[in-house]
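So, here's a batch of structures to check.
Okay, so chain A shows up in both of these, paired with chain B first and chain C after.
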Partner chain A sequence: MRHLFGYEERSAALFLAPVMLVLMGVAVFPIFYSLYISFFRIKLTRPNRTPFVGLDNYTDLFTNELFWVSVVRTVTFSVVSVTAIAVIALLISLLLNQNFRGRRVLSTILLVPWAIPYVANALMWKWIYDSGYGALNGVLYQLDFIDKYMIWLGDQDKTIFLIANAFVWKEVPLAAILLLVSLKSIPSDLYQAARVDGAGVWQRFIHVTLPAMKPGFMLVMIYETMMAIRHFDLFFILTEGGPGDASHVLSWHIYVETFRNLSFGSGAAMSYVLALVTFALSYVFIRTLGRRI
Partner chain B sequence: MHAWSAAVDTVQSHLNAFTNTTGIPVNYGNSPWAQYREGMVTKFVGGAPLDMMWVSDAWLPEWAEAGWISPIDEYDFLTAYNSEAEDFCTDSMTYNGRQYGLTYYTDFMAFFYDESKIKEAGFDAPPATWDEVVEQSLVMKEKGISDYPMMLAMAQESWLIEFMSALVYSHGGRFTDDAGASIMQHEKDGAVEALQWVVDAVDKHGIVSPACVETGELSGLKAFASGNHAFAMVAKYRLRMLNDPAQSQIAGNVKQAMMPKGANGDHNTVGWMRFHGMATQSAQDKQRAENAARLIEWFGGKANGEYKFQKLLFLDIGAGFGVKPLFEDAEIQAAYNTYGDVDTIKAQQALALKKDVVTPWFGEWAETNGSAWQSAILGNVEPAAAIQKSADLWDELKSSY
Partner chain C sequence: MARIRFENVEKKYANGFHAVKDLNLEIRDKEFLVLLGPSGCGKSTTLNMIAGLEEVSDGSLLFDDELVNYMPPHKRDVAMVFQSYALYPHKSVYDNIAFGLQMRRAPREETDRRVRDAARKLEIEHLLDRRPSQLSGGQRQRVALGRAMVREPAVFLMDEPLSNLDAALRISMRAEIKELHQEMQTTFVYVTHDQAEALTLADRIVVMRDGVVQQIGSPGDIYERPRNTFVASFLGNPPINYIEGQIKVTDDQMVRFVQGELELNFPAETAAKLADCDGLTVLLGIRAEDVEEGSHGGAGAVLTGKVNSVLPVGSDLFLGFELFGNELFFRVGKDIGHASGDEVSLTVDLNRLHVFDKDSGASLIW
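Up next is the complex of A and B:
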């Protein structure tokens, strides 16, 4: 051993060991242990009956009607949110890439939603959307856009989109900054060369700006998709999965199964399915967006 | 002793008095209500030291089945208090024929009305039936007194089962029979009639806001206190706040009526309660068990000859009590009469029934049941079909336990 590793390597290992041990305890072990318990019918309120059920917790999901409802809700929420975030963030980053008076102030204001904690953001939107005393109704009513107060979160056709709106509001600043960094890194030579070749504004945007922003877009798409798929706070505070099952997304389904029903086995199985879906989507993004980078 | 973080100072001072009187030291811990059940389950599973804890009636079957809580009915000095407790309280602390604690707090779902709006609409008395609620509400709508005279909070939250149960019981229905089998799907003695009333109130008559599916108990209470509605179904203990000018715009006008009844009903409502229970690990040690039993008596029974803790809680935070003699207490009567009518409160409490869905699988069923009711209210499914779905899940869960 002493021959294989030098003094520096052994010293490094010694100093890293405590951190590695902590990481093993708080990250690696729980990951493998949760995989282990996903093969058991573990319900905390039935501590004496925890039979090994193999893959049943996984296969049961596919016959669970509510699970499929939650998948559809999650996909809808994610597609709407990520698309809106990408488009709005792109527009904002293009704006902030221009030189104009007040740009720094605008950049600072833009960061406010990002700085607000998720729970505070959710509570704020709960007040805004309230059908009795919410600010949204108040503003629309005073502007004569509506003649009576509307039902927002209680309307199942609007619920998921209103929650997506609250999510977009919170996430856009970070996405815009990530895209702005990509924009700033585009060499001015490319634009000059494009101008010499006779490219107009639109052509420069399509052929220079967008391709150069691909790394930024990939990052935004992967990060925001992961955030959207596993997002929980807004659903917990705004609707608790309701009304009916209108906002019953996967993360809510997992929460109910794990922490309300205290079914840790099936909850763990669902979490692994969610993790696998997230990984798969990230892989797809990297393969499609990343191959020409 | 572990409790949720309510009336912490009152609990601590009563504990100090216990220690001073008996010489038994007690470690007191508390945690927020919202995380209490999950936290306690974790403590039980992890083997944390516990002797006595606060328990909600909703968790008793679950905790008893898991073997975390032990019966206290072998202590005659504790069961002696049953003769003075409300029947539904004792029922709610009993599982599989064994009693698991003594109550310290109880309450029920009450029907409140804004007297000024009733008079403005031209009525002399509050509604006594659900049909009369519709009748009076339609007049109020026509006269522009309120857009949605009846406030119902049907959001998916922990209060939902209490609202549903009060509606079902007052219509003369039940969710389950005495053997625990589902009868909620029955047209007359089940839950269908009650749900149909709610659906009609929203869709047909427009007297309940369609937003009721997003209205939680607290939001509904605030809306009623703001004067938006003429009738409200909320917990009885809210009466104090509703008649407090500092907190309510309709203070002084809020009165309690008996829960309206349906064609087959009889003013019944739902009651709930919390109690002091003994941890199984305590019950396994004779000395610890005896100490815990004395502590349970000190809090749930009499301390120095009176129901002191229940009285303290009532005077401190307005929490209801589950023992009938306190209704005769002059101090309590005086306090109640500053914001309510003690006779109506007493009469309604006597008609309270325990939640018949409290079982080890209640949590798993409640989520689907809540969604089923909301779906019917939203018009996605007929009330009978929604309740049938709920009943099917109930039967499936019952057979799996």
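Up next is the complex of A and C:
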């Protein structure tokens, strides 16, 4: 009897089956189940009444004022973070691409933030920003930049930027490594040709370095935007969305709606909106940045 | 106009590698000079020093008597074609060619005219909107040439520009580069490890080895009168044959090469140069093509030996030939009707023999 698939395909399927089963259980099923419940009004405080409401959970979002606040906060946080990550990572990758003594040690040290888990990073920054014993207050006070200890995370105007700072600190190393890889792939001949053609340092950067880094930049922009839009840990540990709604981002909004208000239906709907927005943004990045590569 | 002079130039790298040693060389105006040698011989380093891409460690580099040791590349009025072509991957062919002029702030109309002019000459007008990744190797090569041409430089530098092309294209591009030189009437410095390229293109060839110049001369000079075994071996296909033996000067002033049963009498002109070499161990060099089949007599000496191998290469035949224990390779006409194992007589042209000192490798006759 002839089989539809060859021996290799069949044994591959056999070996992959256990993992596929686990993935079905923990990833594929939840994805479809959450889409399913986003069409119901499910509130765990009324577990026996879960009416089908169609797209109501989605349309309600447009009239929910706090949802729009969270969208604005998320956009602010993401734009500030991703811009800062791209610029700082670019500078660091350019530095690490030079030959100097201690370059290897410096690259190793720079990778440390990347190795720290998100929650540990958040707890560390909570300590740094602390109003009573925080290192930030300590340093600024001793340098005479401030005359009294500040409640940093209590300031509505500063909170989102301080959280962005903690996020940038954690994300820069990976971005810098990704950019460094594209820098390293530029043939030295191109720089020599540009020098003979009369291009100075700045012109070589504009005409040779930057265009060659485009794929690296695209990767960094897509990855970091996705990370920033969906980031939760820092908001949970540092401010819980506060003070007021100053750091009430979308991921925090979804958490509150789902696990504090126990509204699983509308929480699921919001999650889907967030996923679609992330997907759309990546698509835009790939179309605009990827076109000319 | 550009005359380039190296005076006692040294190039040492930070890691201690001594790439070029005591280079003294004058490149004449409008000359086509080829730097020839194996990889690591310092030829590319020499070219990069002319371009200003490598600093001169010691000595003087002069352009028309002006010291340029510390002059940056863009002020030297040189253009360069790289082995990898080094085209800017994100720029169109047009922008690649125009880049050098744009960096020098040439007027837009002037740039456009020169770019289109160069493109027409190189027959790449229809490719101006493409990107390098959309071009074949040969087309990229033309773009690289165009980029150097539009600048109308005083010195045209080429670093193994043909080595990434296939054999047929390499030969046709060789002819085009030669034409380009005649048309542009400017100084060309060309680096290669390919002897055929050097012999066909050069007005003069500089053979280098381990950073030291071995010989400077016209292609004919280098090929016919190699100064040492390195130069003799580097040029020629199949390579020159060597037989180790002694010089014997007889009582009647005849000078003879002796190896076991093999004895050859040098003609008078050669003999005069070897008169005081009695007893010296030498390498007798016989170029692969300096034999003829059969025994002709005259100025020739007849070598009789056994055919070891017959390798047809299309136009000719390479003949592996065993002579008193020496394995020699000769290039003979393809009509020779011999097979492995046959006994064959070949006549060697005694006027074309080379004699090298075995220890130093230096030629005893040139």
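Just so it is clear, the second predicted complex is superposed on the first by the 290 of 293 C-alpha atoms of A that agree within 3 Å, B and C clash if a C-alpha of one lies under 4 Å from a C-alpha of the other, contacts with A are read in each partner's own complex, and residues count from 1 in each chain.
In this text, a residue touches a chain if its C-beta (ideal position, glycine included) is under 8 Å from a C-beta of that chain, and two chains touch if they have at least 3 such contacts.
The model shown is predicted, which means the values in this text are computed figures rather than measured ones.
With both complexes brought onto chain A, simultaneous placement of chain B and chain C is permitted, the two fitting side by side without a clash. In the superposition on chain A, contact is made by A:P187 with chain C only, not with chain B.
Angle at chain A between chain B and chain C, computed from CA centres in the superposed arrangement: 160 degrees, to the nearest 10.
By the touch criterion defined above, A:T239 lies against chain B but remains apart from chain C after alignment on the C-alpha atoms of chain A.
When both complexes are overlaid on chain A, the residue A:H207 reaches chain C alone and has no touch with chain B. Which of chain B and chain C touches more residues of chain A: that partner is B.
When the two complexes are overlaid on their common chain A, residue A:G198 makes contact with chain C while staying clear of chain B. In the superposition on chain A, contact is made by A:R46 with chain B only, not with chain C. In the superposition on chain A, A:G154 makes contact with chain B only, not with chain C. Touch criterion not met for A:V75: it reaches neither chain B nor chain C. Closest approach of chain B to chain C, taken over C-alpha atoms in the A-based superposition, is 51 Å.
Contact residues on chain C toward chain A in their complex (touch as defined above): 48, 51-53, 72-74, 78-80, 82-84, 86, 88-91, 99-100, 103-104, 147, 151. Contacts from chain A toward chain B in the complex involve residues 44-48, 66, 130-133, 148, 151-156, 239-245, 248, 256, 259-262. For chain B in complex with chain A, the touching residues are 38, 41-42, 44-45, 62-63, 65-67, 147, 155-157, 209-215, 219, 222-223, 226, 228, 360, 363-364, 367-368, 370-371, 374-375, 377-378, 380.
On chain A, the positions that touch chain C within their shared complex are 187, 189-190, 192-199, 203, 207-208, 211-212, 214, 292-293.
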